Structures are given as structure tokens and as C-alpha cells.
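Take a look at these structures.
Both complexes shown next keep chain A, but they swap its partner, so chain B is in the first and chain C is in the second.
The block that comes next holds the complex of A and B.
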């Protein structure tokens, strides 16, 4: 289990992080640009942000919105995607609508939804929900479509009702694919969260980032970038753990995540 | 049989879109939503048609398209070459894999302030952001496609005396093509989204800028126009890519 090569593979992302930070450090030293602080300066600014109570509350509020939006999106999208995958009629009904919505940047709906619902939590959570649901629907759809017919037939022969078949055969069989969608959705939730907050400048991590940019506090800008990036990497790693546990039987199709925006 | 069921499907699929527009119209005409906040669909589409023929709006679309294509092209070239290199050579794979693992889940939009500071407010920062966001899906699906090429194909090519670098172009690249094109499709949608967002955040032209200007002056009609424009743009580009796909994959079993 912990052979040297496995250990090296596990530590490789860590080395990559250090390597990227080192490249940054050298580049900023070489450029000597006021608006491009060195990596060490940026890292030094992180404790100031995380130590400040107000910004910490802001970041936690962002994360809460993201969790709620992601949770609702997953709960709605997986059943819809599975139904689309198993029923041709449902798929034909929803596919064109989803295709029209897909290229619209969800965060771009912010200004319009803001007009209706105000600048509060509901608007931002709704936008995150919209952003997450499309990839999850898409992957659940693909997963459910690929379920082997024979298993469904056996299930039907043993007297399972259509709903039972959906829950007990299609859902587990499509789970690896669904989780790939959820992973994409997770990255997307983070992106939508940041963008929605920089469009409605009121609170949250995106607000801190872009306020710092406007006020020329460049080390805060870069420190926030590191914080947000670390959030993305940590969430992804945690999700990967959960995924590995849930679908231990299946080989990971993409061991590197597919990012979406 | 086939064309008939296809057209039935098309009508069936158009139904929800028509429903949404009808619901939209209904909300307005029954007075649930004030016209100021939710303009009726007829007005919005009318404004879109009127705008499409004006020179200024065409210029905004052109600005968006230039950034979109430049970013997408960079992402395709880099993504495909890095992906194939990582699949072909274990040494490159060992370097690329951990870096991708770290960079792919990173929300690229958060890098935008840094890109603004480094590259300025012009095309450069936006194209870089678009390319960075579209790069990873293309890279990953290229890598996936190239690393699952059947070994027998490569052996046969080697037995037939093909040189190593020729195998890359003659065997691996064509075999990975379906997967690459799937990645490109995802990348293209991402390009549409990101270019719009970047223009919303800071820009002086482009569709995203049109939306922000309209939002600042509370012109609800003008806010819907760029959104519908980018949706149509995405559909058209997706259709074009589909055409390219069916041309490139002619002869594949299930293209």
C-alpha cells in the first residue's frame, strides 16, 4: 500500500503546488512589477484575511450558499437525468430546452434575477443551483442511458415496479457517471459563487477579491486567489475520497477532474 | 420512418421552449410581473432583430467572437498537443498529471484579477482566461482518448514500418478524434460562458458589456437581448462543430 512509488504518486500534487508557487516567485522577482507581488508576500497576506472576523464570516456565508445551491441542484438533477436516460419521451422533451440554456452563462442571469428577487442570498443560491444542475443532469442522463437492458429485464421479471427498478438498478449502475457530473458541478458551484458575488458586490469571497482589486491592495488580491484555489482543490479532494468510497467497484474513468465554467 | 420520427421528435422538443415563452408571455399579460421588470417576449425578440442589423451591435458581437475564437483556438492547440504528449510519454505524463490535478479544479475566474493586472484590460486578459478555462476539458478528453487507443493498432503500424512520430499522427490522433471532439464541444460551451463573464466584469465592448450597461440603466429589454444573442451564438457554434465532427468522423462506426 505505502510503497515508495505509491507515496510519490500521492505526494505529486503537493510537489506540483510547490513548483507552481516557485515559478510564480521567480516570475514576479524577474518582472519587478508593483501589481505582481511575490508568492511569499501573497501567502503572508493570507492570515490577515482569515484572521479578520468580517471576511471570515463573508467567506463562510459564500460557502453556505454554495452548499445549499449544490445540494438542491443535485437532488433535483439526478432524478431528472435518470428519467431522461430511461425514457425516450422525457429526453426528447427536455433535451432541446437544455441545449438552449447551456451556453448562457448562469452568472449573467444575476442582473435579471436581482431585479426580481433582490440582491440577497436567494438570488445567489438560485444562480449556483442553475449552474450546477446542467452538468449533473447531463451526466446522469448519459449514465442512465448506458445501463444494461438485461439487468432491467431481470429486475422486471423478478417483479420490480418501474420506480423500484429506477432506484435499485439504474441509480447504482449510473452512480459512477453521476458522481463525475457532481464533481464537475462542484467546481462549477465554486466558479458561479465567485462570479455571482463579483457581479452583486455586497458580500462573500468574490466581493473581497474584487474590492481589493479596485482598491489596489494587490497582495490581498493574490492571497484571495490562493484561498479560493485552495478551496477548489480541497473540495475536489474531499469529493474524490467520497466518490472512491461509494463506487469502489468501478475504475475511475477520469482520474483527473473535468472542469467546467 | 426515420425522417418522420425525427421531425416528430423536433416538434416534441420544441414544445418546452414554446411553453417557456408562453409562460413568460402569460406572466406579463396577466399582470403577475410588471412590464418594467419582465418585458414581453415579443418586445425582446423584436429588439433583438432590430439590434442585429445595427452596426454597433454587430461590432459588439464581433468583439465577443474574436475573443471566443482566439481563446478556443489556443485551448485546442495546447490541449490536444499536451494531452497526446502526456499519453505518449511516461516522463511528460509524470510532470503534467500532478500539475493538471492542481490546476483543473481551480476556479479560473479567480485568476481573472491577476490576469487583468498582468495583461491589462484589453483582449489579452480575456483571451487568456477563455483559453485557460477551455484548456482542461480538451486536454483531459484528449489524454483519455489517446491513452485508450488499442495497443494492437500501434503494434500493427510498427510492424508495417511506421516511424514512432508518424504513429502519433497516423494512428493515435485519428483514433482519439471522437474523444477530442467531445472535449472540444464542452470547451466551446465553456468559451461562450467565460467570454461573456469576462466582458461583464470589465470591458468596454462585447455582449457582456451590453448586458452590464443595460443593467446599470435598468433597461430590462436590453438585458435580455445579449443573453438571447449568446444563447443563439452557442447553438450556432455547436451546430458548426457538429458539422465538423460528422465530416472528420466520416467512416467511424457511430459518429
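The block that comes next holds the complex of A and C.
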């Protein structure tokens, strides 16, 4: 199945990338500004960063914090969101708290958290946790709320207890919505990861980026932006694959408008 | 068969069976009030008493908003009545249980499970071993006419097929009473007719007690031993009509039978009377 139009569709993202790089290259050559390296210069700096053991350790430390923060957030937020969606009392209790936390940029909380917990892993992981939690709670909540009452009744008639209904009916029924929240959460984890390293400059990918900026190594700055961006795209694409597999039973209305897979 | 009618007590069932049928479900002065707004209460069901005998196919017929589904949900234990009580085999109904299996208009299948997974769900929950549950479920799927669709997901099925799965899923855990809530209401006329025929064939094999909510007069007469006609605002039992037509019933014979036709005409007239708005849906 490789009709010309299908081929064009598959190649389109590639053309978009090449186009973007070309515009960058031309703009950079035209502006002739030291702080705006050409695309080729930036790309050439990538192997230097990835070849450097120190940088690699930093990036891996970032990813580890991100994974832990994201993982804990998902493990806490899904049950909380599901409970909120099925119990008015739980929702009434947590809603005001979340409404307060929701609009606050999580990075703005960092100075306080740093005062209490220092500038180490715990602080940064906590900020990632906070950033990821809200969309996952929100989508789990919405997903659980939307579960058809009659589906739960059918389960109850088969003898499922309230807890069994939550785990074996509400959870799978809300899964498409939950995973939508997780996908947003994953991107937010990347954003909060970099932000936290900007504020608590000690290690990590964000630290490399801002150190390079301080030292005027602009090609490294842009190379790091490309690396972080590529990490985001890869993580999202992998997640999207997993998501699509997990919910292939679901109606197409849950399909994402955007997908890199 | 004994029915506790709401108004008329002159109604007596003609004796067709010798052995005295025993009551399986007793609904005793059940009322249901819904709060529609802070000030107004809506009386959905008013003082309903009804006895359903074991093995009977009973339809609850009435216009939209007469509380017929609510009555079914009370028997299912999904809704608690405001006053009065429903009993199953003498035991007060306090919640849902596998002795009463619902089939809903909305199908309410588990979309993440295949057809086989849906049908096996109940038996597995009841502790039936996998191999046994699977064998029984496959047989049921074949019985409802879906052989070959075992590994399909609900989204891949038509409405009629989904309702067949829902019926098989409920039959799989052997409820003593089937509670059918306008099960064919969402289907097109042709599919509806086919499912009625098939339901009747399945039912005539083991004669489970069925409580069947519908707003279709033909459907009620075609399927039932007894039709409970309800009126609305508030929901009351208007009349209980015995459908004294021979079984097994075959659609092509029945449609030509003057007795069937008379039941339909009489009940339709009654339906017009109870539905003041005149919109027989």
C-alpha cells in the first residue's frame, strides 16, 4: 500500500523538519548574530554533548527524576481522580484544594520547596510530581464521571463489590481518558524537569543548557534545545504507541487529533 | 397466578395451569419520589403492588415517564424505593444480585472486553473455572446467533448484535429473573422483530421469569403472559391484562390470530387513555 499520496503523507513530517531547519539556517546566515548559530552548527554540537560522559550523566539524571516524578504522580493521581469521579464526597473535599493548586505555576513553588527540602533530587522530583498530577487527576476524574451507570449496574448484578467495580469497571472504562491525561502529563513532566533544573542549578539537562548560555556557547544551547525537544518527541511517540495498543478496543472518539506515531 | 391489582379486583386469571405457580417477586406498596428541584418533588411511582410468578413473562407497558423503568430498577436493587418494599422469594431486595440479571436498552457491554470476555465475565466473577466458563459462554454465544464473533470488540458490532451479547452475558450467570429494560428500544424495526423472535425461542426453552419493560404494545402482547399497563403522573398500575395466547408462539401465526389482534387493539386504546398527551411513542 504505497500510493503516491500515502507516501507523501508519510514523508510530510520529514519535509516539515527539513523545512524548519532550512528556514533556521537561512535566518541565521542572514542575521549574522553570534547568539544565533546556524542549524548546522547546532546539529554539529549534538555529538559533542552526547559523547561527553559528564553531560550524559546529567541527562540521565534528569530522565531518572522525570521517570520517578511521573511514575509516582500517575500512581497517586489515577486512584484519586477515579475516586473523585465516583464519589461526590471525595470530589467535594479535593476539588477546592485542586482549584487552588491548578493555576499556580509549579515552578513558582520551587523556592519554598527548596527552602524545606534543599536543591537536590527530592525537590525537583516533587515539582515534576506536582506538574504531572493535575492533568492526570483531572482526566481520571472526567473519565470516571463519564462511566455509564448501567455498566456499573451490570457489574453489581454479577456480584462485583464497590471496590471491584472501581478497579475492574471504572478503571478500564476510563482508561482512554486517563491515558489522554497521562500523555499531557508526560510533556509537562519534561517541561517541569527542565524548569526545575533552571531554578535549582545543580545537575541535569536544564543545567547544561543554562551553563552553556552563561558561557556564551550558543551552539551548545541550541543543541541542547534540539536534544530536549527530540526527547519529548520520542517519549510522546513511544507513549502514543503504548496508549493506542491499550485502548484499541475504544470508540474512535477517543483518538487523539495529534499523533507522532 | 395471583396479581394484586392497583384498582380493579375483579380481574382473575383464567386457570390454564394446574399447579399453583409460586410468587418469585412481590412488589408491596412501592412509591418513588424524585426531587426534581429544591421545591418540587416528582412522584414517579405511587403505591405499586404487583406479584410476579415464577416462570412468567411479564411486560410492564406504559408511556414515557410512567416510571416503568424505575420499577424495574427497584426490583434489580439498583434504586431504593422511597417507601414500600420489593421482595425476591420472600427476601427483601436491598441491592443488586446475580439472581436478577438486567439487560439494558443501552447494552452496557464492557467495551474493553471481547464478546467472549463479556459473556465470561459473570461466570468468572461467580468463581467458575476458566475452561468451564469459556465452554458455557461459547455455547451461549452460539445460542444467541453470534458464533464466529467471539473475539470481536463491542464497537465492531451492530446494535442488534450488541444486544444479543448483552443477553448472553446476563444468561451466562444464570439469574433466576431476567430484568429487561426496553432492550430492543434502540434497534431498528427489522432487527427488533428478529430479536423478539429469538428471545421468545430462547425463553420458551427454559421459561425463566422475565420482567420486560417496553412502550411497544405489539411487543408486549407478542412476548408476554401478562401485561401490566401503567399510567403516568404519578406512575400507577392501570390494569393487568392476561395474554391468553397459546405457546410456543410463532409470529406469522400470531399476527393473523384474531385474539392477538384484539389484545393489541384493546391495549392500544387503553394506552391512548393513559397517555393524555396523545403521543404514543
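Here is the rule we use: the second predicted complex is superposed on the first by the 239 of 261 C-alpha atoms of A that agree within 3 Å, B and C clash if a C-alpha of one lies under 4 Å from a C-alpha of the other, contacts with A are read in each partner's own complex, and residues count from 1 in each chain.
Here is the rule we go by: a contact is a pair of C-beta atoms (placed from the backbone, for glycine too) under 8 Å apart; a residue touches a chain by one contact, two chains touch by 3 or more.
From a predicted model like this one, the values you see are computed outputs, not experimental measurements.
Peer 1: Chain A residues in contact: does chain B have more, or chain C?
Peer 2: Touched residues of chain A are more numerous for B.
Peer 1: Examine A:233 and indicate which partner it touches, taking first as chain B and second as chain C; both and neither are also allowed.
Peer 2: In the superposition, A:233 touches chain B alone.
Peer 1: Once the shared chain is lined up, is A:150 touching chain B (first), chain C (second), both, or neither of them?
Peer 2: In the superposition, A:150 touches chain C alone.
Peer 1: For A:169, is the partner it touches chain B (first), chain C (second), both, or none of the two (neither)?
Peer 2: The answer is second: A:169 touches chain C but not chain B.
Peer 1: Looking at A:82, would you say it contacts chain B, chain C, both, or neither? Reply first, second, both or neither.
Peer 2: Neither partner.
Peer 1: Report for A:160: first if it touches chain B alone, second if chain C alone, otherwise both or neither.
Peer 2: After superposition on chain A, A:160 lies in contact with chain C alone.
Peer 1: Would you mind listing the overlap between the chain B footprint and the chain C footprint on chain A?
Peer 2: Chain A residues touching both partners: none found.
Peer 1: Would you tell me which residues of chain B are touching chain A in their complex?
Peer 2: 9-10, 12-17, 20, 33, 37-38, 94, 97-111, 113-114, 116-118, 133, 136-137, 140-141, 143-144, 186, 189-190, 192-194, 196-197, 200-201, 208, 211-212, 214-215, 218, 220, 223-224, 227, 230-231, 233-235, 237-238
Peer 1: Using the touch rule from the top, collect the residues of chain C that touch chain A in their complex.
Peer 2: 76-78, 95-98, 100-102, 104, 106, 108-113, 121-122, 125-126, 153-155, 169-170, 173, 175
Peer 1: For the complex, which residues does chain A have touching chain B?
Peer 2: Against chain B, chain A makes touches at 12-13, 15-17, 19-20, 33, 35-36, 89, 92-97, 99-109, 111-112, 115-116, 187, 190-191, 194-195, 198-199, 209-210, 212-213, 218, 221-222, 224-225, 228-229, 232-233, 235-236, 253-254, 256-261.
Peer 1: Taking the complex as given, what residues does chain A use to touch chain C?
Peer 2: Interface residues on the chain A side: 148, 150-151, 153-154, 156-160, 169, 172-173, 175, 247, 249-251.
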